[in-house]
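Following are the structures in question.
Below, subunit A partners subunit B and then partners subunit C, in two separate complexes.
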Partner chain A sequence: MLRRVRRAHPPLALLAGGGLASVLVLVPITYIVVRATDRGWQTFADTVWRQRTLELLVRSVGLAVVVTTASVVIGVAAAWLVTSSDLPGRRFWRVALAMPLALPSYIAAWAWIGWRPDLVGFDGAAIVLTSISYPYVYLPVLGALGRADPALADVARSCGRGPWWVFVRVTLRQVRIAAVGGALLVMLYVLSEFAAVSIMRYESLTKVIYSSYRASFDRTPAAALGCVLVAATMVPLWFAVRFSGSGRVARVGAGSTRTAATVELRRLRWPITGCVAALLGFSLGVPAWNLVRWTGRGSSTTTWNDVAEATATTLGLAAAAAAAAVIIAIPIGLLSARYAGRCARAVTALAYAGHALPGIVVALSLVFFGIRYANAIYQRTPMLVGAYVVIFLSLAIGAIHGSIAQAPPILDEVARSSGRRQVTVWFSVTLRLAAPGIGTAAALVFIATSKELPATLLLRPIGTDTLATQLWSRTDAVNYAAAAPYACVLVLIACIPTALLTRASVTRS
Partner chain B sequence: MSDIIIEHVSKSYAGRPPVRALEGVDLTIPHGSIVAVLGRSGCGKTTLLRTIAGFERPDAGTIWFGRDEVASNRRMVAPERRRVGIVPQEGALFPHLDVAANVAFALRNRRSRESRDRVGQLLESVGLAGHERRRPHELSGGQQQRVALARALASHPAILLLDEPFTALDINLRAQLRADVVAIVRNEGATAMIVSHDPAEAMSMADTVAVMRAGRLVQTGSGEDLYRRPVDHETAVMLGEVTEISGHGNGHRATTPLGDIDIDVDGSVSGPLRLVFRPEQIVFDEGVRANGVITGIQFHGSDVVVTVRLGPDSVRARWPIGDGRPHRERWLVGDAVGLRAAGRPVLVRRDLRDH
Partner chain C sequence: MLARRWPRVSAVAISLALVMGACGGDDSDGASSSTSIAPTTDLATEQGSLDGGELTLYSGRSESLVQGVIDAFEAETGVVVKVRYGSSAEIGASLLEEGERTPADVFYSQEVGAVGVLAKAGLLAPLPATIVERADERFRPPAENLWVGVTGRSRVIVYNPDLVPDPPASVLELTDPKWAGQVAIVPGNAGFQAFITAFRVTQGDEAAKQWLLDMQANGVRTDIESNGDVLEAVDNGELAIGLINHYYWGALAAELGAQNMTAQLVFPKGDDPGGLFNATAVGITTSGAENPAALALVEYLLSDAGQRYFVTETHEYPVIDGVADPIGYPAKAQLEGPALDLTDLDSLEATQALLTELGLLS
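The block that comes next holds the complex of A and B.
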């Protein structure tokens, strides 16, 4: 049946919502450039074309490439093992392997450096970041393997191809887009990562941007380096768009899905199980063990009042950011799910661009913007919440768009024919059906905000401390034991919703 | 009376080239009648339905609900203000509401006694009394469509629009539901338009059938008229199976392997013709001298479809086997049989291209 392309004009309310979100995202992107070139292009060029800048860029990109490569290998292998092999305890591993996603990078870094202080520098940063970012590849590949058509592999086998050939030519091809998407996330994440590299004392662009902002009154270098960082994040984005390709991997034609036959690991079964256990030990075991160890030592010196206060602040900010992001994401979700067109695509693309922007750059440009134009809210809660929304809006849009798209549009039409106005229909039917997605969106933003560090450091109201900033200031002072209670509470806050979300996504796939 | 009148309605969608979904459609749906729009996928019938409901704006033309102009180049009444009841293809109950709340969705004062009475009465008439508290996923496909019908009828709509409402159901359920829907709609005195690609559905349910092709209405009339007097070959095929016999025109008659046959044509004809019949018009007659040879027999339950080589043609004939005798005792492949044509051909083709 020929499906009609919807050419209906989106209602003004939605366009206004989308416009507001675009402005919110556009301000930091443009303002960082404005601020960097404030003193003329010459000063800008001088900062950018220094050898030091190139060195920093190489260090940041080098780390990103190593971590991304390792994450892709680990993520794809792990996803394949838990879906397609006879690995013992696959159900357990399937959920457990995704859990490092809940771990804030600086807690992992804190745990590693507390255990092995000699790991300072590139090695430590690479190990820590790989141990927590491989799930960005693992989860989408897991989903792709679940959706892949097992008949293709069966046909290839029956045409006389060996299992290794099938893995390389059929299975890998089916998960390619998912893996590239995950790799992109890892790359962007590592490039913009600030906390773990700082704790690991690895001089990267982000760390130097922060210290140059803190160290001097001349903030042009910080802004200029911010531009370099943004430019660096554009490269992997371009590659991902260019090479993810449009090759068809979905099932073509009808037919019932079957579960794929599992590949027998035979002699390698137990050694591989050992490797998977070791992976989990590195990514979850080390932080967990350190959490317990340092908490034991640190509890005597802890001011529990401060912990309680920081917890309350964190929860409040995270809730505010989640609410704001959801409210802004709903019109964009409606726009792109129901009125797909240029306008909706542009707004969504902008929101994703906001996610690709390093948190430190967003924070920096909001600082400049706030000092000059928005003094009333500079270093106040609304501006901090605004920064969170810019950085995490795409998380909310993704979840909300998906769930609205799943609610059949025919229900909207039936409801309208029943005499209800469009806006009433959105509230009484569309959003009601999309409620699970809206919940997921709120949870995702909540978790991300409660862990966020660089924007919080730069934009928090004076005297306000979150769990993350408290922990950071203590690790900065090499006071690992005192950081432990904050780390414990943060992990607890982030773990519970993450476990729920992971379970939901794993069951779905 | 509030007839639904569609005048010269056109609509196209942007694209390369633009898709012309409706081209100058004229259709009147008299108050209290059921009209079926019959056409293949992509012929524009769903666009017509959506234009009446108010989800699409016509590029040109006017739609009247009685005296109210609901769509024209001056006015576009919003869907929620047209009083239209929609029964979509499938799965269109609100999953978060129970059956009673679904039916009451279009009612103004949902808690009032009148509303509750109306819901009860409608559920009674669709045969689902006592299912008020059920959730949509607890109902079978047929029951879901009954609830959707009750929901669409609840607020006494000016027109009820049914968009292929039975295609998702299995074949046994379909016939029963068709008859029930007609009875319920008549009982409510509602005006209805049903969109379908199934000729049996259109002909059995509607007072008037309108055949649509490439955005145009090619023929409108009663189901029987269209079946017996289609305007062209495509319409003939759209409404049911056909079979062709070649003949030679001779004034108002044609000479064929089945003898001389009267034909309806404008003026007199001569030269080669093809006579289009319905398979049930090719009758087996023991009194006729053998003129064909059976080349294939398909058993269809109440009848058999027999392929017969008849001179230069291979024709398909549908013969009833109502007397209970196994068909093999009467006809076998290779038998010579005597055939005759019952009634006039539904169409005479003078363009002798193969189709």
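The block that comes next holds the complex of A and C.
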């Protein structure tokens, strides 16, 4: 027993890395607690203990539950169809179905409200958010299906079980962890979402947080409602931990590249193809149609030079944020996968909780701490990149933790027993095995950063324009035609890592 | 075991340190400043010393509306202006978080409310009376000179003539059952809240509340997020009537072509609060009080050239005499609206409490 504990000593370098990550995730949480209580606990309690707060919470959670459920159903079904069935054109669908991840929610929402203004409210918000969030489930499930051992399904089939039984009893169990991880991201994202719910005119907790700033510059009730949001995230977090199960997920010996048997869809083949095409038509086609409509709609113009400049800036910032987030998430991934540290798990939980806060709250927390403790880099590029890390760290931690957990620890131990230092082992063995997860983390942060708006507006160096800020300033002034090129480029550059993500999940199989 | 517990202990210590630091930092936020700006003589005499100057502007108005006048100011004076654009709410909240450490020298706000909040928090320095007095009396603060209006904007009734051949002349008529379910308001919008504040200030809290209750009983629509969306809904026939600010019409007309506009405007007459004449406003922060370039920018915004820019580009009304009104709108002299000081609109919180009580705001 004693020996086990000693072996579980994390090296100091790792703890230092974990410490940095914990400071970062504490920034927004600390800020909302400080702000929410700065007029005393009575005001805080008055804001939180109102009928209205409960109503809003129910509305936010209701939307999150519906979108998450729909995303899980669509994501799992789509991933299964492109990996295990004889769906025509599977290679094309496999990449295309991930593409909606590249769409900023506001672009999708404007498109839908332009096409179907009658969909305002819950229905519209749920449709828009599902259409762009299901890839958070689809991509990890795609990867999990690729890695899953086909032997289990074969055995079940050879025992005379039908394809439906195999899907429910075997396949679903194999993708459970991936699906739950994706579902958690969707749920937290929907809780924090502001742009789409506001355009679709659905009253949610985040919409009220924004109006609190907008109407009165009053930061206290906004922060108090932020605390409610963070508290609300504890429920799905607990469920996610419960349902992804514990125990070893890594195994050695699944290296065989035997391909799984293809399930024949028979007479459902074409109807199902129609459904997949419709899904893509709704999630990608509607926004594309709207961008074309914008271009033809107005007289305002923009110069290609401005678009090119904003593109270069966006690419640079997104790449820097992706690299920084990965570097900071790796120690947390190692700590929680290899040392089962409670502290690392707490940092992970806080990072997820922070992900449920609306962007404006996180941005103000960074203004608050940045000007006081990081004045030298305040409103400079390093600070902006740091802000992106704070906002999107949970995306990186999720992907990296999973892949490190799947890299068999026995290989570490073998390498260590041959006399290598622990840090060398991580670089030469563990992180190489976890490379697909690290790539996924980088791509997710890259895509999210390129679309980010509220923190970028407040923290960017003056004169730095990203595609998202340019798009915002054009649409704010109703110059739709001038906004369209920025929106197109924004979607296109997010498509590249999205395509790489599908490739990564396929080559892993 | 001890080693494993260490990170947890350190995380707690760090968060405690952050909290304490934050609380310490807060004390300075509320402190008002006694710094004041030395009055300058004339823009022309200042130019020599301004060349090579630099200032940071936080703008709650968007780049496409403001950058042109900044470019002209830079060309005229040689001052380099660094502008941070955002919405008034986000920029205002950000300024409050930054407190006296703010890098901003000047804050240009979409409405008087935001500069009022900053003035109350002690974050604005007094402006020289000579500059403030250039603006018409209705666009300047009655005391202290912590801000000055830059452009004027009127509340209007927008209607679709295809749906409404006989438009209402006053917001007070909109409670008539014949408009049931046909009118949209935007309760979260600052312009709408200023209108309700004006209603309360000039006709009393009870009258304002009664009007809102009657509107609600008449099925007023509150589901449209912004003035721009209301205008578009009216223009394409989804909605009959809306309450917005006048210049949205000019902006959409510039984008779509004035001949393609269906929506038309009514400027309510007399002391109808629905015709409130409000302003965008500028102030100099306490940290910009010593920067002569900051004062020069405020001076430029109130100069003939600065005012003419806004009239042609943003379709707003000038705040000084001798500059022509925007084309296509009634003359400024004909605009009436409720008689009040714009600072009387600072009882915004009472308005929001009323809107919250009626379930129009959260």
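Points to keep in mind about this one:
Just so we're on the same page, the second predicted complex is superposed on the first by the 289 of 509 C-alpha atoms of A that agree within 3 Å, B and C clash if a C-alpha of one lies under 4 Å from a C-alpha of the other, contacts with A are read in each partner's own complex, and residues count from 1 in each chain.
Criterion: contacts are C-beta pairs under 8 Å (C-beta built on N, C-alpha and C of every residue); 3 or more make two chains touch, one makes a residue touch a chain.
A quick note: this is a predicted structure, and the numbers were derived from the prediction, not measured.
Using the contact criterion defined above for the overlaid structures, shared-chain residue A:Ser473 touches subunit C, although it does not reach subunit B. Within the superposed three-chain model, A:Leu56 lies in touch with subunit C and out of touch with subunit B [touch as defined at top]. Once the two complexes are laid over each other on the shared chain, residue contacts for A:Arg201 go to subunit C alone; subunit B is not touched. Subunit A is touched at more residues by one of its partners, and among subunit B and subunit C that partner is C. In the superposed model, A:Ser417 lies in contact with subunit B only, and not with subunit C. In the superposition on chain A, contact of A:Val263 is made with neither subunit B nor subunit C. Judged by the touch definition given at the top, the superposed model places A:Ala374 against neither subunit B nor subunit C. Judged by the touch definition given at the top, the superposed model places A:His9 against subunit C, while subunit B stays out of reach. Note: residues 5, 8 of subunit A belong to the subunit B contact set and to the subunit C contact set alike, using the contact criterion stated above.
Considering their complex, residues 5, 8-10, 15, 18-19, 22-23, 26-27, 30-31, 33-34, 38, 52, 56, 117, 120-121, 198-199, 201, 203, 208, 210-211, 213-217, 219, 297-300, 339, 341-344, 346-347, 360, 363-364, 367-369, 371-373, 375, 378-379, 454, 457-458, 462-463, 469, 473-474, 476-481 of subunit A touch subunit C.
By the touch rule above, subunit A contacts subunit B in their complex via residues 1-2, 4-5, 7-8, 408, 410-411, 413-422, 429, 432-433. Interface residues of subunit C facing subunit A in the complex, by the touch rule stated above, are 1, 3-8, 10-11, 14-15, 18-19, 21-23, 25-26, 56, 62-65, 82-87, 89-94, 96-99, 101-103, 114, 117, 188, 190, 193, 223-225, 228, 233, 238, 248, 251-252, 254-257, 348-349, 352, 361-362. Across the complex, subunit B meets subunit A through its residues 13-15, 19, 21, 41-42, 46-47, 50, 53-56, 78-86, 88-89, 91-92, 94-96, 105-106, 108, 151-152, 155, 157.
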